[in-house]
Structures are given as structure tokens and as C-alpha cells.
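Labels run A, B, C and D following the written order; every chain starts at residue 1.
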């Protein structure tokens, strides 16, 4: 607060009531998810929301259980391995994609070379290729390359998104003055050193945003692992949760517990990188 | 004249010629990248990703090496099956034969992965327990593209063909070749809430046809209060439950395909059956309601007695036993009411097979295990005891276990009752279009129901023209797909990609 | 030995646009040379070619008698200060200064000593642990300077280093840079568009226009004897007045008239006999207020008066509405609308050809 | 300029270019011949010419999928974006308490991720015991006693039995997408609103324009480029809706194909039946649809948006 007291008026109250109402609509499903994750199959049926009964705050806490969470990690469902798979796929993809796109985006904005215009056109043209068109031919092509059922087949196609190059190109134009690069050149850095030590730190908001964007994209990638991966133990959370849904259809408590486990790491990561993310997203949108 | 006054006291060795300055000769260049202050490149985000990637990568590598891999892998799609097989698999593994790893995989996922494996030549399991709709998918290409090993000869050589209940083989027999060992017979009976019905003094043994059923039980339909719809109906049947629709169509002698596999959605018997079914589901005097299967909601409705009668294939007994245990003793079975007096009193719902993947490198071991799992008497009994499923191997049917009274079903000798119906189970041809046809029929029923309801047409006779039109549309729709399959055209010629 | 030498240097961009045309320049060790000219004249490009940031299309550049055409910037033994300072925003002041030393693999202790020395010289001690974002413009400028000094280069290159500062600070920094140069005596090439800055700083000026060198010389030299009309107009403030007219020189007697009116009559040294179209150039400072009777007096009407402390600039109109600016003492009592008379200081008039180049006519001694 | 400086840009572009060539351009070029084949998996194929396209045009399910997709797109854009803009406008006001918290909160559904939102929605939209119907029924009970409206309300068991996932798939999908994306799009609008020059608003205020006038005369034109960008993103994203429908609805499409979308249909044909040719043909038709959307926005916005 900057010391200025907000003037409390009728519209002011209405606006806050509206915001609180929207917040409730947003929160209730999330709460529902969390509560359901601690319910048994039977408990889920008996209580729509929290199990009311005797106990603190009028809630029968004894009806809630961590049994479902335990089951998830047992060998029966093996969500532990899926969690590790998801982390590996997402973190690796995010890092590689950010590095590759930053490198190319930076080069196309800050360096002079023959074919620069052609490259810019290529990137713009690539932006309009619709992903659904590539699903079937990519599958066939990965089969030809022998990359089906491998992490490589899932990661490599995901680490060179044209829009990433575009974003980093814009960010470089916007926040990396040429003279700093020249100063670094005179200071004795090689071109790659300049990129790593000078340009990347200056692109930090976009790096943070793009890491999150690509991390989330892989974490929530469903169609990719569905068609590329085959072995049960290689599957990431998205597929394993879906698989749980189709195999344990009636156990909603279990399903919600799995969903909870799947979204917590992402939420933690996001909160950690939140500032960068919003900054990067905003700059991308406004300059887009 | 070239002064470096500032540094007079710095003690820095500075040469004057400009070429030999510290670090500017090529010799140091190779180590230059490493001497860079790389921490500037490591923003928190990058550092976190790096750490996550490395740790998870190492964990995966460790898990991979530590992972116990059996010699044979098997996929199944149904939780109950999985639970039944666990002890059997453990026992088999303990006996130091080939080791088996079993995985439970959801049906949709399994469909995708099975097909992906067969077509993309990536590994699937050695053994796949496939449901009908899944197995049918593999028949859509040329015969030699079917991903399952052709078991016809093996079954014949070992004299198994004669031992297996005939109708159980039909869904896995494509172009005369058998691609899987049947798991079951899956006859269907009618389960009813004995507690409610008997209390009302009604004798279900008197029910022979569907019309009888509704006439006898109709008075038990209930309304909680005026102006509200009823909360008790005679029958659990709904257009969203495609399996129920198919079960009833097959019972009436209809179905989407003729025995030779020809598509015949629009035949008369289907039109009549659909008209009747729809008439049960709509109107002020409707007798059917929706109690979804495999759903907690549905289970609650079963407890509430929302519907009095349910189609009950043998395996479903087990689902009830586990999901609605409190109904023990309150449910009883009779053969399904017939469509006409003297008509068939059973049908078939579901069915799976155990197939061996062509990509398997251990087909012989797989065959041994498959026989053990599916054909041994021991397993057959386990299948019944813990899964309520009747084995398709006729010679085991004499076992006294099938004659044991079942407390859940009011002490009825349920096993014998199902076995008695096994011969009457309808044949179902194997076809690649099973899924599409089932969806099309369901949509036709659903549309018929909607249109009839909106026109206030409630009797089978009134509904018939609507049903016919919708079934004809469904027929054309699936026919288009059949015709689009270039592999099955006479003049088709394969090209390599 | 020369510190920097440019031989027939060209910069030609794609599409045959020549930004720098055939530049020849030789800079002696310890010199403070200022490249000055309007924006787009090629001065920055020239500097950047010396730095190695632009490739050289034609010609040769040597630094310390070594041809550096194909030498990477870092190996040219130069340091450069940029207009926007180009400090690394993610490094502290200390790290910024030490960066190039670190890259070159200098031992840590030596680096620290140098940073200490530099910060002592420039008074940066308080700022060492801060990041550039937390500094004022002047402080950043100082850090940029420090970074360049720390490298102890053979040549300093400055690319308009003061133009982002406010006027007061700019003048203060000028003095500081001058004294710094006197202490370090390092060869310096300095680019600016501000002629005043150029005059105060440079031991030698290189005036450029349209990619070409117009004149090289000491500030005094250039001020007093501009080579051509461009240099004359560019150097000095307020700008020199130019009046086109007819010039007749005969037997040491110079006569310049415009539209029938005598503008200047007198004797101008080193002006060859001629009779041609020409341009007379007079600095406002060389115009005197005179009495009507004074020989060579021109009648003029005062249009505008701009007081500047003890002096004032006046804008006057002569008979054919030609406008002339003059700088006169404040006490002269001139005011708008008054009729006055002016005359040009014969020693300080310049004559140029009335041509595109406008070469100087009155040769210097 | 030395040799390694000249090579550097190409070395920097190389990783991207190589991966882009191998994993985007090659499949893109392969999609042309593939659309003219009937296949059973990646290995077995037969040339059928343009048959797959003619089949799509005569395929009622394709048209159903197209219609559903367009309904979803329209519903998403027309409902979601105004909500997002409204939230942004409210949160952009200086005197609102806890702006940061509200912003994070409204954004939070995005973190759950599509797949997991779909699973959650599947559970919430269940008949009888699902949270949505329970709340609706509870709400109906509360106002049942009111005159006039109370009498028109459907019965409790009817409300509990609303078949969201079976035949009301489209409303269910649109509601779920609203919940998930409104906060996300709000961030774009907020960023745009923060860039609206304060002086413009103040000038309009001095000119005596009321809040509504100010919004249409000053705010909306100022954020128009971003608004058009967001609309385009939403349209493109909605046309490609897949995971939400596929995971949420029974059999991935609900009853009577009520929730069958174009990409679901593509996926089912390609990977549940094995006809990659038909899948690719549908892919091309989706591409055509997307380019129509892109061209429309270009025409609408000739001068403002530079990519």
C-alpha cells in the first residue's frame, strides 16, 4: 500500500464482491481435486465435498485417507517412475529447446550473415504449420528413423519450435543492444562466449518464460507420448493418469490423487519462476 | 611516450609490442570457454532445469538397471482379470519356468499401443489379453498384417479345438484363422432385486418373455412424490450403454453383422428389436432407466434399487460382488426373458482372448504360459472362484465348484445356471468394423430415442419407421468405411512406403 | 612510428553505398584525435573499422605498424567506449572493469590491483559492488571509461561517449577526459558530432562529411582557416554567415558585392587576383557595429535579439533581405526594429568558390 | 571480421535448422503423398489418389466433427475472451486490493495442465454424484420456493441426471475451457492495458467522457492489436482442441458424436484404426481451416499486427 487509503464506495465493494465470486468459481474445482484425492472409492460417493461429521470444524477427518496416494506409488500403478519420466522429459526438453531457440533467435537478431532475410522468412512460415497436420506423417517418419518407443523420438521433435526462435529474436532486438555485444567482442570474448555470458543473462525474462512454456508443453503433452512411446515404464504422467482413468474407471479418489501428484511439481516450479514468466509472456504479447 | 602511469605500481607484466600480451596468444584459447564466468549463463530457471534433468536422468538409468524384467511380458486391460491372474503368475514364476511380467493397461491405451506395436514393429508385450473391440482392430489390413500369431494349427494339434465351447471362438476367427485363445463364454442372465420383488410376492420363474417381465414388474415402479419422475424402474437399459444394446440385439437374433461377417445393420430384426428397446426407454410409462456400469454413480443407484433388473453376464457378477457388496443375498438370477415365447434365453456380453504377438521373440514360451493360464483346470476354477467367469473349456464344467451355492445370489447354483446357457450363446463374427458398427448402432438407437420422444411416439409400432431410417443411415455410414478399406478390394495392390 | 594509420580506406555497403571514401589518416602516439562531422558522415564507421567491428572494404588499417585488417577486435590492443556505455547489466561495476582482463587470463591479484588503480583514478570506489542499473548516467560513463582504461590499450576509441549526458555533466566530463588523457597519454580516437566538444578535446580534429575527410588540423587551425565552405559552416557557433556574390580582386584590393550593393571592400592577404562568383564567409564574432560613416559599413535592420549574458546574438537584414547573424556586446543598445550599420573584420573574412565543394580562396600564410 | 566470426551465425542456426529440417520439414513434405494413401500403420499402404479427401466431404462424421469444432471455437472466443477482458479491466484498476493474488489465482487453472483438467472435469461433470450437478441441484433447491421461477425448475433428479458428458459435451467442453483459459488470456489483456498511455485516459476524462465511452474510445482501440492477437491465438487453439474432449468424454467423443472434434477424429482414424492416410487428409483440411482463420484476421487487421 502506498499510504493512500482506497476510497470505499459502492462500486468498489461491488468490484471486490465480483472478484471474490470469480475466485470461488476458480478455487472450488481445485479444492474438490485436493479433497477427493484423500477419499476412498466409497468416501467419494458418500460425500460430494468434505465429509461432514463429528470432528474439528464439523468435518469428519477420519474419513480422509492417504491410502490412495500410497497406492499410486505402489508397483501396481507405479506413478513414481512416471513422475521421474515426466520430470526428465520436460526438464530436458525445456533446456534444449530454450538453448537451441535462444541460440538461433539471438543469431538472427544480433548477427549479420548472408541469408538472414531468408531465415527470417523460414521462421515466420514455420509458425503457421498446424501441428495436427504433422501428427500422422511424423509418426510414420519416426518409425522410419527407428525412433519410436524412445525418449529421443519424443524430445528431438520438440526442441526446435519455430515460435521459440521468433520469441528470442524479438527479445534480443528489444533488450540486447548491439554495442554491448561489440564491447564484449573487444573485451576478447568469442561469439559463443558472448552469447552465453553476455546475451543469455540479458534475455533472462524470456529464458524463464520459455523454459516454463516448453516445460509445461512437454508435461502436458499427451498425444506425443501416446503415439511415440510404447513401453509401459517409459510413459509420462499424462498418459499414466489417462491409463489409470481407463483401467480404474470407478476409483475417482485414486484418479484425483494421481492428478494431484501430477500438478504439484508444475505448480512449485511455476511459483519459483513466476516473475520471469509473467514478464516474458507480457513482452511476447505486447510486441507480438 | 607510451606511458602506463596508472599502473606504475600495479606490478603487472605488460609487454609493449601488443602481440604477445597475456592470454592473447593462441595457446590459451582452447581453455577459454571453461574460464568464462559461466554462472552468468545459469539463470535460476536454467539451473533448476539442469538439476532436474540430470537427477531424473540418473534416476531413470538406475531404475532401468534395477528393473526386474521377466522373460515374458503380458498386458491385460481389465482390473478384475489382473487381480485374478496375480497369484497364478506368481505361482508360475515361483515354479521357475519362464518368468512373466504382467501389466494392467487401460483399454483405450491398450488399443493404441497394441496397434502401434503391431504396425510400427515396436515391441508390445509377448502376450496380450485383448477385448473384442481391441482384437477386431487388428483385422483391418491384409491378413498377413494381423499382429497376432495364427494359432489355428497349434490349437488343432493339441486337440484343443474340440474342447472349447464353439461360440467362444467366433470373435477371434478371421478368414478361417484363429488368432487367440478364448478366455470366456460370457452367457448373460437377468439379475433382479429379489428382496424388493419377493417382498411384493412376485414369482420371477413365471417370467418367460420381456413383455411378461414388464407386465409383472410394472406395478413396482415408484414415484417418490407427485409431479416427480419415478425413482424406481423395472429395467436398467440406456442408449448410452452400447454393450447392453448389442447384447439385446444379439439375443433377438440380430446384430450388426451376419454370421459370415457381412454388414447388415438395417435388417428387419434389428429394426424391430431397436423399436422395442426404445419404447422401453421413453414415454410416460417408460420402464427402463440409466444405471451406468463401472461408475460409482451407477453403484449408488444399484444400492438405491433405482432399477429392479439388470443384464448380468457372468463376469458382471464379480463386478457387483466387489462394487456393491452390501447387496449380498438381495440379488437373484434368471435366464434372460426371451423376445418371443420359446426364444433364446441368453446372449453374450464382452469377451476377450489371449493372443501372442508376432513380434514376440519367445512365442513358444508364450504359448506354454497361455495354455497354462487359460486352459488348465486349476485356473478355470480360479477364474470362476475369484472372477465368476465360466471357462470356455467344456471338460471343466463338471467340476463341483460350479454347483456350489452362491450366497451373493441368494444361494443360487449360479455356475450351473450359466453353463446351462452356454450352448445358446450367439455367434459373433470377427470383423475389423466391430467398433464402428457398434458406435453407429448406438448412435442410431440414441437418435431414434430422441426423435420418437420429441414426437410423442411411444409404442414399438410407432417407433419402427424412425428406427428403420436411423439404422439405414448407420448402415450406410459403416458401409462407407468398409468400402474405403482399400486393402480388402479385389484389385488392391500394395505399395511400399 | 605511428599509432594508427589508415591508408585509402573504403567502406562500401551492399548496394554500392559508400559510407567511407578513400580515407587516409595517420595518428601519432599519444595524440588525441577527434573525428567530427554531422551524423551519417562516416566518422563512426571509420572508428568501428579501426576497432574491427566493421570489415574494411578496401584499403588498409594499421595499429602500431601492424596491419590489422584481419585481426579480431580483441587482438588489436584497443579499448572502446560506446555512446550508451555498453556496460554488462548483469555484472557489478567491479566485474565490468575486470571482465576483459579475466578473459585474457590475467592472474587474479593483478586484476584486483588494476581495478583498484582504475577506481582510484576515476573515483569509483563507492560504486564497485553496484550494478550498472543502479548508477546515474555520469557514473555509468565513468565506469565505461574505467573499463577501457583497465585494459591499458595502445589506442582508446570513443564513440560519442558524452552525448547521452545532460549539458552540465557533459562539460564537466570533457574537462575530466582531457586531464585523464594528459595523465595517461594514450593515443585516442574520439568521435563526436558536437564541434564544440571536438574543439575543446582534440589535439587534432578530422572533419568529415559524406564519407570523406574535409580537413585535418588543430582546432585553432580549423577554426581560423577552414578548408572549404562545409568545414567553415560546421565549426564555430553560431555558424558562419555565408553570402553569395561577386568577388573582384585586383592589386591587393578586394571587392565583394551582391545585387549591386557593396558588401566588403578592403585588403585581404593571400587572395589571388580574380573576378568570379564567390561566397564570403564571416563568423558572427567577426562582425562589428559601426557608424554609418565608417568605410564598408552596411545598413541593416535588426529583426531579432538574443541576449547571452554579456553578449548578444542579433539577426539583421540587409537591403535584399539577406539575413546575417552577428555577435555584439550587450551594452551596444541594439534592439529589434532599429536601423544599424555593420562591418566585417577584414582579417577574419573567408572567401570560398561558389561551387559544390566551395574550396577556400584566400590561402593561409 | 575474422573467419570464426563469419562462421558463428551459421553454427548458431545449425542446431535449429537441422532439427527443424528433420522433424518438421520432412514430415511436412511426407504429408503430401501420405494423404493420397490408404494405410494400415506405417508400413502397409495403397495409393488411392484423392479418395481420402472425397471421403471426408461425404463423411457425415467429418461434418459433425467440423461442426462441433466450430461450435467450440465460437463458444470459446465469444464467452472466454470477454470474461478475460472484463477480469483484466477490473484488475487493472489501481485501487483494487490484492491484485497480485487475484491475478495468480485466476491464472492458476492453467497450471493444472490440459490432460489433468480433463480428468478433473470428467469427474466433476459426472451424472448423479458429480460436483457440477450437485451444486446445480442444491442451487435449484434453494430457489425452488420462489414464486414463478420455482415452478419452472426441473426436478432434482432431472438436474442430477444432466448428461454433460454424453449429449451435452459441447457446453461441458466450453465451460471447462472457460475455467481453464480465461485467466490465461487475462494476462495478455492486463499486459496490454498496462501499456495504454495514462495521458490518453486522462485526456478523455478531461474531455468529459464517461467510463463506458472511455473504454470504447480510448482503451479498446489502444489494446486492439493485442486483442486481435489473443483472438487469433484462441481461434487457432480451439480449432485444434483434442486432449480435453478425448480424455473427458466417454470413448473420447460422447454419445452420438456430440463431442467429436476434428483432431479427435484425426487421431481415431490414424491411431485407433491405423489409417494414417485419412488422418493426414483430415490434417490438411484442418490446415485449410486454420489458414482461413489467419487470413481473416490479417484482413481485419491489415495495419496493426506485425508478426
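One rule holds for everything that comes next: a contact is a pair of C-beta atoms (placed from the backbone, for glycine too) under 8 Å apart; a residue touches a chain by one contact, two chains touch by 3 or more.
All of these numbers come straight from a predicted model, not from anything done at the bench.
Asker: So which chains are sitting against chain A and chain B at once?
Answerer: Both chain A and chain B are touched by C, D, going by the contact rule given at the top.
Asker: Please give the pair of chains with the highest number of C-beta contact pairs.
Answerer: Highest contact count belongs to chains A-D.
Asker: Look at all chain centres (mean of CA atoms) and spot the one farthest from the centre of chain A.
Answerer: It is C whose centre lies farthest from that of chain A.
Asker: What chain lies closest to the overall centre, CA atoms only?
Answerer: A
Asker: Distance-wise, how many Å sit between the C-alpha centres of chain B and chain D, to the nearest whole number?
Answerer: Chain centroid spacing, chain B to chain D, equals 31 Å.
Asker: From the C-alpha centre of chain A to that of chain D, how far is it in Å?
Answerer: The computed centroid separation for chain A versus chain D comes out at 17 Å.
Asker: Please work out the Cα centroid separation of chain C and chain D, and write it as a whole number of Å.
Answerer: 61
Asker: When the centre of a chain is set as the mean of its C-alpha atoms, what distance in Å lies between chain A and chain C?
Answerer: 56
Asker: Can you list the residues of chain A that touch 2 or more other chains?
Answerer: Residues 44-45, 139-140, 143-144, 185, 188-190, 192-193, 198, 201, 204, 226-227, 242, 245, 252 of chain A touch two or more partner chains.
Asker: Can you list every residue of chain D that touches 2 or more other chains, as numbers and ranges?
Answerer: Each of 5, 42-43, 129, 271 in chain D touches at least two other chains.
Asker: Where does chain B touch two or more other chains at once, residue-wise?
Answerer: 23-24, 32, 36-37, 40, 108, 112, 116, 120-121, 295-297, 300, 497
Asker: Any idea which chain B residues touch chain C in the complex?
Answerer: 1-7, 9-12, 14, 17-19, 21-24, 28, 32, 35-37, 40
Asker: Which residues of chain A touch chain D in the complex?
Answerer: Result: residues 6-7, 12, 15-16, 18-19, 22-23, 25-30, 32-33, 36, 44-45, 48-49, 100-101, 103-104, 106-108, 111-113, 116, 119, 124, 126-141, 143-144, 156-157, 159-160, 162, 165-166, 185, 190-192, 195, 216, 219-220, 222-223, 226-227, 238, 241-242, 245, 252, 255-256, 258-259, 262-263, 266-267, 270, 274, 278, 281-283, 285-286, 288 of chain A touch chain D.
Asker: For a test of understanding, state which residues of chain B touch chain A in their complex under the given definition.
Answerer: 23-24, 32-33, 36-38, 40-41, 43-46, 48-50, 52-53, 56-57, 59-60, 63-64, 67, 75, 77-79, 103-109, 112-113, 116-117, 120-124, 294-297, 299-300, 323, 497
Asker: Write out the stretch or stretches of chain B touching chain D in their complex.
Answerer: Of all residues in chain B, those touching chain D are 108, 111-112, 115-116, 118-121, 137, 140-142, 145, 227-229, 231, 239-240, 290, 292, 295-297, 300-301, 435, 439, 442-443, 446-447, 477, 480, 484-487, 492-497.
Asker: What residues on chain D touch chain B, complex-wise?
Answerer: 37-48, 51, 55, 58-61, 126-130, 155-158, 161, 163, 166-167, 250-252, 255-257, 271-275, 278
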